[in-house]
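Chain lettering (A, B, C and D) follows the sequence in which the chains are written, and residue indices restart at 1 in each chain.
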Amino acid sequence: MIPLSWFLILSAGLFSIGLFGVLSRKNAIAILLGVELMLNAVNINLVSFWRYGNIADMAGQVFAIIVFAVAAAEVAVGLALVISVYRQRRTVIADDLDMMKW
Amino acid sequence: MNLWADPVNLAARWMAGLLDGWGTPAWLSTLLIQLVGVVLLVSVMMVVDILLVWVERKVVARFQDRLGPNRLGPFGIIQPFADIIKLLIKEDITPHGADRVIYNLAPILSLMSVLLLWAIVPLAPVIFGVDLNVGALYIIATGAIGTLAIIMAGWASNNKYALIGAFRQVAVLVSFEVPMIATMLIPTILAGSMGMNAIIQAQDVWYVVLAPLAAIIFMIAAIAELGRSPFDLNEAESEIVAGFHIEYTGMKFGLFYAGELLHAFTFGGFWAILFFGGYRLFGLEQLGPLVAAVILLGKALFGYWIIMWVRYTMMRVRIDRMLAFSWKFLTPLAFALLLATALVNTLLRDASALIHAGGMLLTNVVAGAIVVQILRRFGNRERARIRPSARSVPAGQ
Amino acid sequence: MNGTQLVFLGVGAVILISALLVVTTRNLIHAALWLIVTLFGVAILYALLNAGFLAVVQVVIYIGAIAILFIFAVMLTRKELRDRGPQLNPAWWLSAIVAALTFGGLVWMLQGWSGLTRSAGEIPPGFDAVGALGNALIAPNAFVLPFEVASVLLLAALIGAVYVAFTRK
Amino acid sequence: MTTETLIWLIPLPPLLAFFLIILLTNRNKTLSHTIALGAVLAAWVGAMVVFVRALGIQELANEPFASAVKWIPTADTWLKVGVLVDPLAAIGLFFVAWTVLMIFVYSVGYHNFGQPPGDHDVPGLPPHGAMIECGGHKHMVPSVEPMYSRFFAFISLFAFGMFTLVISDNLLTLFVGWEIMGLCSYLLIGFWYAKPSARDAGVKAFMTTRVGDVFMLLGIAFVYSATGTLSFHEIFEPQVLHTLASVPTPILGLSAAGLIGLLLFIGTIGKSAQFPLHVWLPDAMEGPTPVSAMIHAATMVSAGVFMVVRIFPLLSLDPRTMAVVGFVGAFTALFAATIAVAQNDIKRVLAYSTISQLGYMIAALGAGAYVAAAFHLVTHAFFKALLFLGSGSVIHGMEHGVLHTGKHTDAQDMFNMGGLRRKMPITYWTFLIGGLALSGFPLVTAGFWSKDEILASTFGGHMAVFVTLAIAAFLTAFYTMRQITLTFLGDPRTDAAAHAQESVWTMTLPLVVLSVFAVGIGWVGIPAHFPGIGGIVPNWFHHFAGSMLGELHEVEFNWIPLATSLVVALGGLLVGWLAYRNVKSPAQDALQIPILKHKWYIDEIYSALLIKPSIWIAETLVYQIMDKGLIDGFLHLFGKGTAAIGSGLRNIIDKPVINGFFGDGTANAVQGVGRNLRPMQTGRIQQYMVVSLLIMLVLAGLAYFMLMKV
């Protein structure tokens, strides 16, 4: 059978890749893609802990579902923001959106 | 256990024994067996699909007061094969600037999404790919893949019309998925399970009796998701030449076409499963799995016929009207029905089947009456807004 | 080494590779599509973990809604259909180091943990995960409150998104 | 419900009513008086239940109903407050509950509830009456009191104070109730605050009683410092009393007990309007009549006596204190009586008679006649309340007449009355009963028994007191008869009197009830060996109240005091009737001699001795010279000095050092730092994330090494 470590390491890798995407991509949408990857990594952890822990305790799956909801909300609002920013400033490059600097 | 009572499992067991005889490891043999089953199912469906081409063309002809294909074979039954040959031998064009991989992937996905649906269709109590306990959700999921295919096609074609078609498809899907899920949940509530088989087994009384409105809404949403007229905005010929598959030629287009037809047929099947008792018909299914399968396919054909009927008799709707129709009318209605059903079902749980059915029907009738009233008001207001001189339509017309 | 493990390894490889492509491909549409592949892989992982419901929900929500929204947004936010120029920040190597450090740290922490190599317990016969999940979501002594809060969050997100993206005429 | 709990609950309803009316129902007259009456009725029920249960207990004096709670933590003990119902408190509860209830009922009628609001009535003035249209012709009718609800709120608060005082088991809560009543008395005397006379009367009453209260507070403090407790039965422990009696004090060589008794007694002098501090009571008649009846006849002024009775064991330790008490009481009795004979205002006569009757009780206490004093306290409460209410009814009737005739006649001057017995029979008969009780008409009236007991008990040792009281009794009978004659008998001397009419039932009913008590209450205290009827009714009161003191000495019967009381009572009544049978105007009144009319010029003397000097001190000495000259001068000087110092400091230290260095310097420094750090803020969110993550990872690694490796 598959040991728990496989899942965990896999999700760790996925998480790091997502993190890299978030930190390094220029395009705001791409950053959101990275965020999605990270969320999925987290979900893998949750579900595998559910499976490998007490199976009658549904906390893991419930958390996963709530992560789904959060992800959906985050994407909806985030993309809406991106789109409205694009309308305002004709760009979605994160580094060009630095009105907050000195 | 004989061939008549349970052909599939019999064959599977026979094959397993055979493979063991050859000394294949267990997991490999299971894998192979399932593979064979899938191939079998898919090929059967493709054959059905080919027949559907013919059916569609004949029915269109009848609707449009023509004869339709009638040269090749009896009633032109051979015509589809001719079509397939034609498609196969046509030039396969990939437009310049197209995203080659995605462009070629799209038609496959689109057909795949349809075929995936058949994995959970129980042709008979013992003939089914897999009895998912989340079947209803599975339908939506595969629908999502279909949409994905259309978007890929639209985007990869590097063509404005195609892109517009894809956009429309996404908008339609996102907005019509909601009432569809809501109405799918009504049989789920009544049967207490999402599994297709369980739903069918629970339908001693067809759910079209218990929830006619839900059936209607489901059908409308299905048509919208299929992208067939009057909701065929993703390929509205007169506006955006052929929508997402404008650039496709030869067998790729053929795949889209086949996918579309089979999709319609499949949704007819699901309509039958969810609301018309699936393979059950007055105990006839007891005669044997094959009879049951025939019954189901017949019902699916009936649903398909309804879809065609709607398709060839309705005008195309404007996109904004369509979305408004979904968000402002279907979705609230579907959710209201969902609530009412849940409530009544809980109230009448312990009542006799007759009372239960009566209560359900009554709920639906009342809801329907209210809906009709609302629609009349709205229609009259619209008329008054557009043509103040127009007289409002009195009740009963 | 048996079937499931093979499946897992394959799926894992697909996931990681497609994820890497998500964060590196120049073409955003491709990135989104690769994301979809990743999500499929994750869904299969769920299935391996006997969480069928989550697998299907993963497909419905992530692929059916989120990924398509991404593609939508990508298409809406570009002047021409092609992406030119580098898609990574000039300082991408730094973030690469950070990510690598994170991964290393996580793995290092994990291998220090005792329960790492435990294997899954047997699923008791007749255990209905979906039913249990549903009960857990609406049981007052379980997660009904987070569930409701999540629904409110979704509503707020809906309204907020509409408001933000709305073009004032 | 246990009796103790019930006792705790007795004072609460009136307090509740007070707050309810003040805060909520002030606008609604009906609701207000319903609440007040309901509350006082509840208190009445409670009191009666407690009283009856108290009667049921033998040896109530030795094991009274008592319960106490810890209130204020003192160094090592607790200051406890609690309730105590012994025979005395039971009696107090009895008459307080009855009179208060009666007076509440009476007030409803007295303030013309149900009449239309006046045309130009203003809050703060007595109602002028309303013009109503009736059967074609207009005529004036009494109008309802504008501040009706307010009145009931105040008397409810007063009832709370009185009940608290009666049931309290220690001096402190007793004092609290005492002061609450003082406040209410002030508020109610000045109830019609737009009348200057009422205003001044209120202030006067407050000031004068304050004088007494200060001394009383001193006494209480002394008690606490001497015994470490304020609870009665702890003070009255024999050894405590013994120590108190033996400890000498620097003042006049009095013992501690004597000094304490004296101080507390001064409080009584203030409250019960005894001789030097009696001046406030007559002016207090400016208030509405129910107030005069309740506060200034039945309950509050009795509270003074009640307190003295309470502390009697303490008081009786020192003969000199007793002598003072006796002297003050006797003198007040006679002195007030002499003034009363010359007053023309119907209420003032009663006021002075109240003073003199209180003097009676005090004198009796001074003579050691504890039981007699308590007895007279009760009877007097009833018949004096009756008399006051009667006079109020009379005034009411007269005001009717005044309104009717439209002439401006003083509705309180007895010389404007006459012949009212036909107009207002109920008032007449009840007033007559009250009068006879006051003047001690033999055998039938309560006043006779109590007074006779006092005279009898003073006869033996204290001859002077006995004689004084006898004369006072004669005068009492005399002016009572004078009052009755002038008011009710003869013919109407004015149109107002001619058109007076009987009051409403809410006013007459209390009169009747009280008159029953005024007659009947005496029979519980008939001395056992009184000739003829003695011993028919057991001398219940004597046993009950007397059980408070350990030894119980029934006064041995003697003919002389009996004869004296008979003679003075009957004689006084007869003389009064003969003298005023046909007096038509003040001119024909032989007793209108200035010195009596002006109350022995006490007020004038006070104003000359105290008020004018104090005003002079305040105005000239303190204000002009000290305040303006000295203090202000100093202050101005000081102010200038500080201003100079301040400006100096500002120029030397503040501007250069503080502002220049600390203020601007730090500001510039911060600004410079900010200017140099600014480029860090690139506005690029990913940079922020990278940096923060790096730092976090490094810190995490460090922390891990620190924690694990060490």
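Just so it is clear, contacts are C-beta pairs under 8 Å (C-beta built on N, C-alpha and C of every residue); 3 or more make two chains touch, one makes a residue touch a chain.
Treat the numbers as computed from the prediction; the structure is a model and nothing was measured.
Pick the pair with more C-beta contacts: A-D or C-D?
Contact tally favours A-D.
As a quick test, compute the distance in whole Å between the mean CA positions of subunit B and subunit D.
Here the centre of subunit D sits 95 Å away from the centre of subunit B.
Using mean CA coordinates as chain centres, what's the gap between subunit A and subunit D in Å?
Centres of subunit A and subunit D (C-alpha means) sit 81 Å apart.
Please work out the Cα centroid separation of subunit A and subunit B, and write it as a whole number of Å.
Here subunit A and subunit B have centroids separated by 33 Å.
Where the CA atoms of subunit C average out and where those of subunit D average out, how many Å apart are those spots?
About 84 Å separates the centre of subunit C from that of subunit D.
Residues of subunit A touching 2+ other chains?
19, 23-24, 95
Which parts of subunit B, given as residue numbers and ranges, touch two or more other chains?
If we look for residues of subunit B contacting two or more partner chains, we find none.
Got the subunit C residues that touch at least 2 other chains?
Those would be 53, 57, 65, 72, 89, 91, 94-95, 98, 102.
Testing understanding: with touching defined as stated, what is the shape of the graph linking the protein chains, line, ring, star, complete or other?
other
Chain pairs in touch?
A-C, A-D, B-C, C-D
So in the complex, which bits of subunit A are touching subunit D?
19, 22-24, 31, 94-95, 97-102
Quick check on the complex: what are the subunit A residues that touch subunit C?
1-10, 12-21, 23-27, 29-30, 32-34, 36-37, 40, 43-44, 47-48, 50-52, 55-56, 58-59, 61-62, 64-66, 68-77, 79-84, 86-87, 90, 92, 95
Spell out the residues on subunit C that touch subunit A in their complex, using ranges where they run on.
4-5, 8, 12, 15-16, 19-20, 22-23, 28, 31-32, 35, 38-39, 42, 45-46, 48-51, 53-54, 57-58, 61-62, 65-66, 69-70, 72-74, 76-77, 79, 83, 86-89, 91-92, 94-96, 98-100, 102-103, 106-107, 110-111, 115-121, 123-124, 127, 129, 132-133, 135-137, 142-143, 146-147, 150-151, 153-154, 156-158, 160-162, 164-165, 167
Provide the residue numbers of subunit D that touch subunit C in the complex, in ascending order.
Residues in contact with subunit C: 686-687, 690, 693-694, 697, 700-701.
Mind pulling up the subunit C residues that touch subunit B in the complex?
2-3, 27, 29-30, 33, 36, 52-53, 56-57, 59-60, 63-65, 67-68, 71-72, 75, 81, 128, 130
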